[in-house]
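Each of the two complexes below includes subunit A, the first together with subunit B, the second together with subunit C.
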Partner chain A sequence: MKISVKRKELIHSLAIVNGVIEMRQVMPIIGNILLRVSGERLFCMGTDSTVELLHSVPLAKVDAKADGMQTTVPARKMMDICRSLPDDCVIEMVPSDNFLQIKVGSSHFSLKTLPAEDFPSMPELGEDTMTFLLPAPQLRRALEQTHFAMSKDDMRQYLKGMCIDVRQDNVRFVATDGHRLACDIYDMKSDIQEARQVIVPYKAINQLLTLLQDNTDDITFVIGHKQIKVHNDHFTMISNLIEGKYPDYEQVMVKEGNSVAVITTELFHQAVRRVAILSTEQRLVQLNFSPKTVHIDAKNTEGESATEKIDADYTGSEIKIAFNANYLIDALKAIHTEKMCITLNDGNTRSIFESEKPDEAKSSQWLCVIMPVKV
Partner chain B sequence: MGMAIIRELNQRLIDQISAGEVIERPSSIIKELLENSLDASATQIEITLQQSGLRLIQLRDNGVGIAKEDLIMALRRHATSKISNLDELLAIGSFGFRGEALASIAAVSRTVLTSSCGGQSGWRMENGTITAAPHPQGTTVAVSDLFYNTPARRKFLRSERTELRHLLQCSREIALSCFDVELSITHNKRRINHLPVCHNDADKKDRLAAICGKDFITHAIPVHQENNGIVLEGWIAEPAYARSQADMFYLYVNKRSINDRSIYHAIRQGYRDVLYHDRHPAFVLHLTVDPATVDVNVHPTKREVRFTAPQAVHSFVTGVIQHTLATHSPRNAQESRQIKVTSTDSAAVQLRHQQTPSLPLTGGRADSAIRDLNLSSIKEKSEEIPPLGYALAQLKNIYILAENAEGLIIVDMHAAHERITYEKMKQEFAQYSSIASQSLLTPITVNINTQEYALVEQHSALLANMGLEIDLVGEEQLLIRSYPTRLAHDKVSALVRDLLSDLAQYGVSERITDHYNDLLSSMACYHSIRAGRQLTLAEMNALLREMESTSYSGSCNHGRPTWVVQSITELDKLFLRGQ
Partner chain C sequence: MQIPPHSLQRHLKNNLLPVYCLLGDEPLQMAECSDTLRTKCYQAGASDRHIHNTDSPFQWDEWQNHLQHGSLFESYRLTELHVTKPINAQGRTVLSAYMHNPAPQCTLLIIGNALTKAEKNAAWFKAAQECAGIIIPTPIHLSKLPAWIIQRGKTLGISFQHEAAQYLAEITEGNLVATAQALDQLALSADSATPMTLHDITAHQSAQYTVWQLLDAAISGNRPRTIRILRQIAHERSPIEVLGLIAYQIRQMEKVMRYDEQGLSVAAISAHEKNMWRDKIIALQKIGQCHSRHSVYQLLQRAQSIDEMIKTTTISPWRAIERLCINWARRTPT
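After this line comes the complex of A and B, so read on.
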């Protein structure tokens, strides 16, 4: 009974699954990775009790006797061993009582196992689920353009995740930390009859972003009331949902003002980055909009300052507004068109950042709302 | 059991009950009797104890004394010579005023009063009868068999040793409020304490040393400030001398020893960001205010007071402490240490005088090293050696060793640089920063109670100035719409609550400034040189000079000391030189 896998393929799988496993554990088995042979593939599974990830690799040599075999080994050690082995080797694993023997050439490792039956797996999603399909590149882009606005340290749990709002003809990805909000609306044709809004935890979204780096297939979303399952042929991720009601985000997406500035995205982005070097720890930069130009200023507590002037297509009245430079940079990085627009009202109310024209490469709309800093 | 009938208590029982409020244990008696003596302008007080005061507490003073006709009144409840109408109560200058002390004592013990006044022969009052008894000018009160008639109270007394400790603590407290009085205590025929009259500062320091220990006086910084009729004077200990428990502080308002939370808080505020972790400052402070602006009749034991303008007193005290600590430079420290040497130890003074001429820069191996390195700069004004002296070398790349007029200076270079960076940052921060506040897309909701509601309403302008935009929703919730950008998001609601509780208790709140200072402090730590960094002598000297000109340079932002001195005298002791 032997399990053979190419090191190159196994390391990839282990790296992904290790992403959800917490290194410090009260229950040792949760720090373990579950290995299961099924048909011609080896499945690796990891969990932190809120997110569960299953990823598979093809076997290098199929051993019929090994089919159905499963065990768990310490995740970190397993990965460190694989990482240290030569790139193109084949790893052979043989389970024996309470140990997994790993053989590669003249190297031999014996890892302690825990019974696979004790490995906690997430409950099934249950009845009343909602299923839809999204192409991987578009999903990846939607997440990349919004994930930065999720809160990492808020007392309000519902902000520590991304809201996935499914409607009849579109799905919206919304993230906010109370200071700014990013929303991507993806139009899709589906046979969904009802609308459903769920909040997916921060960690699951980041994990999904990693998984999407090298996936081009369609991704299936199955949304239940307590869990969400995202999968395709290569992986399955199940995550608990955050309970609670997401804030009424549509209300803050309504444009308050009518002063619109059109600016070259890259110029603006680079200028903000440069000026922010001399801002305070709080990264405060001031934008002064006047006809045809925007001035970007920053000063720090040591009395140093920076200023930059860029051209803008702007005809509104003079507006002075201050922002956290990091928020600006996050929003500008998410814009992929040559020009972008900012819709302003005054220096004290929210402003809205968008691509100049709806991005034609994908049938979606995106915007980012940023609250100013009052100086 | 039959129905109890309501009837009036007899006078004796009433006296015993109310005596319970004032007389808790032997130390309460000492307190009352000492205060009576002070109110009688005594300059010499002798206390005699037996069995920790349980058998006998006798106090003899040379005060004005009590006339024969007043002796009988003296033991009556609410009989006093100290005030006679309400106006006088509102402007009390004496310790006592209720007329309860002697009556209470007499109710729970056998009390004998002997007194003589105005050069007449003395009279004794015992068991309600007055007999002639010779007595010098003044009064003697002998209290024996304490609680003989209230066995319940007697049961609650602790061991004799504990009671003696309380007695001594109480007399110490009072001794630090009357430097012009001689005080001696005898216990079981052994004299255990004698504090002579203090004629000058040196004498006062001797008394302080006797009560708070020599260590305290070595680290004490004198305080004396006056503003708008409020005077704060006394001694505060350097931050490095802070205690792990709040067990060494003596606080007086108009000479009355009190235990007031708000003033203690003000003092701590003055010490903030120089005190190590949860340590407590040590101090002996006298606050003198117009008696009309303070109410001492708040509590039976008179340990608490109320001011008519608590905020003004609070900020005055904080300001004075802050100023004193900020201006306490190495130079001052050196001076105060020298005063101490001359005052407490005359042998040391002698030794010092013999050695002083040879100390600064003549002879000795260490000196020649300095001469080579720094002489050019020193020579010009060789009399003027800076307080922290000149660097000799670096030890393990952690400490700087320097020599000054006194001896060896050891500087923790990271701690010292951290403080310098921190103070610079605070200055720049105050100069260049404005309050910027981040507006919120979704406001933060905080549940509040009715008291907090009233506070938000009352202080809305103050809160707005701090960069907090707060809306009240009904009486139970508030919405934070924007907050200062420097605050961490997850701490805002807790901070607002703490802020409101400060406002409720003290009328002022430094929470937000404290929070900024915390941030600056961790930045300063990050931007300062670390242990392990090698410095040239020029760099070390530059650091020493910076320390001399920086406020609070005696301790780092976390309250650890930045430098210590090993005087030549101390070093000599190590080598048994000149002994």
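After this line comes the complex of A and C, so read on.
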């Protein structure tokens, strides 16, 4: 009974699955990775009890006797061994008693195993679930354009994740930390009968972003009341949902002001990055909107300052407003159109950043709302 | 502006300042004042409170950022800064800047221990006196506690005879939390029509003290406390149990006295007597210096006769135990 896998493919799978495994855990088996042979594939599974990830790789050589074999090995050691092996080798694994023998050329490793039966698995999602499909590129884009706004504050767990709001004609990905909000609305046709809003934890979203890097297939979402399952042919991720009520995000997406500035995205992005070098430790930059121009200023406590002027299509009244430069840069990175719009009211209320015009050909809409800083 | 704790409710009827500093060491008033302030902030529109602890490592920059940044979902915020260790130079600068320019639509509540004289001279605190409400709860002196009990009793719907209030003040020893708990318990069964008497209070007192607290009081030579505890536990404990522990402790004291005569250090005694803590040995040494071998012998003999009295007669032994304790609990040599 022998399991043969190409090192390159196995290491890719191990790297993905290792992402969910916590280095410090109370149960030794949670630090292990579950290896299971099924048909012509080797499945690797990792969990931290809140997020479970299953990823598969094809076997280099199929051994009928190995079908159904499963065991668990320490994730970190397995990864380190695979990393240390030559790039294009084939790894052979043979389970024996309480050890997994790993052979590559003249190298031989014997890794201690724990019974696969003891490996914890997440419970089933239950019956009342909602299923829909999204193309991987669009999903990746939606997550990339919103994930930066998720909160890292442990005190408000309900913000430490992404809200997925599924409606009959669209699905919304919303992230906020209370000071800024990013929302991507993806139009889709589905037979969903009722809307459902869930909060997916930070860790699961980041893991999903990694999984989507090399995926072009459709991704299936199955949403239960306490868990979410995201899968396609290559991976399956199950995550617990965050309990709690997500804030009413729609109320902050309403445009308060009518002063709109249209700016070249890249010019603005670069200017903010440059000026922010001499900002305070709070990364404050001030934007002065006046007809046809925007001045970007920053100064720090040592008296140093930076200023830059860029052209803008703006006809409103003069507005001075300060933002955290990091918030601006995160939002500007997510805009992929040549021009962008900023909708302002005054220097004390929220501003809305979005692509210049929603492209009719595209089925998604994105915006970012940022609260100014009081100076 | 300085706001006395008892005037806080009145102040909040018409005012809500951008900053309140609640600085003191008296837990009951601290808890009640902070609750009052929170309630007012919730009434003013705060939906949540943001708590920041100045535990190490506290990022003053991030905290300042949080205060300066408006919130998308809250038009008004309550932010609490729990000062758990002395404020460092950066913290003082940040606070000072904030006091000069507090964020609109936000109430900052700074909660911490009483400030030292040097801390009171810090620029941030001087600036706070201009824009903030400073509330400094202080412990209530034992002589003023009966009046405080009577006043607090009124709010709970119970009245006290002065003697009863004084007794309650004595048994709670100025601890306001304990006094407030006792009042809450009394309020549950009190008859609002008749004032509480001394008898009502004693009848309501449940197991407040342990025999070990009695022994500690006696060893420290605190006779009034010893008697108070003994009279309290006399209602709940059997005299044979209390007497047994007193006699055991007197024998421990006698042992330590012998070690002292041999010139052994505390560490050496501790090595011989595994059951005796270092602090206990020091305490027993102190009280041992107030006794002679003869007086210890007399104490043990007296304990033995009380033991016989308990086992052979129906006479209450508590007066005798009290006398034994008075003779034992000394601060000066005879």
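We adopt the following convention: the second predicted complex is superposed on the first by the 371 of 375 C-alpha atoms of A that agree within 3 Å, B and C clash if a C-alpha of one lies under 4 Å from a C-alpha of the other, contacts with A are read in each partner's own complex, and residues count from 1 in each chain.
The definition used in the following text is that a contact is a pair of C-beta atoms (placed from the backbone, for glycine too) under 8 Å apart; a residue touches a chain by one contact, two chains touch by 3 or more.
Please read all numbers here as calculations on a predicted model, not as lab measurements.
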Superposed partners subunit B and subunit C on subunit A - clash or fit | clash
Larger contact residue set on subunit A - subunit B or subunit C | B
Of the partners subunit B and subunit C, which touch A:P372 in the superposed model: first, second, both, neither?
-> both
Touching A:V252, do we find subunit B (first), subunit C (second), both, or neither?
-> both
Partner chain(s) touched by A:E302 [first = subunit B, second = subunit C, both, neither] = first
Is A:H108 in contact with subunit B, with subunit C, with both, or with neither (first, second, both, neither)?
-> neither
Between subunit B (first) and subunit C (second), which, if any, makes contact with A:D154: first, second, both or neither?
-> first
Thinking of the overlay built on chain A, is A:K189 touched by subunit B (first), by subunit C (second), by both, or by neither?
-> neither
Please pick the stretch of subunit C from 182-190, 218-226 or 254-262 that overlaps subunit B when the two structures are superposed.
-> 218-226
Subunit B and subunit C footprints on subunit A meet at residues 155-156, 176, 178-181, 247, 252, 281-282, 324, 348-350, 369, 371-375
Which residues of subunit A touch subunit B in the complex?
-> 151, 153-156, 176-181, 247, 252, 280-282, 284, 299-303, 322, 324, 348-350, 369, 371-375
Per the touch rule above, subunit A residues touching subunit C in the complex are 155-156, 176, 178-181, 247-248, 252, 281-282, 324, 348-350, 369, 371-375
Once bound in the complex, which stretches of subunit B touch subunit A?
-> 425, 428-429, 431-434, 436-442, 444, 467, 469, 482, 485-486, 488-490, 493, 519, 523
In the complex, the residues of subunit C that touch subunit A are 48, 50-51, 61, 64-65, 68-74, 103-104
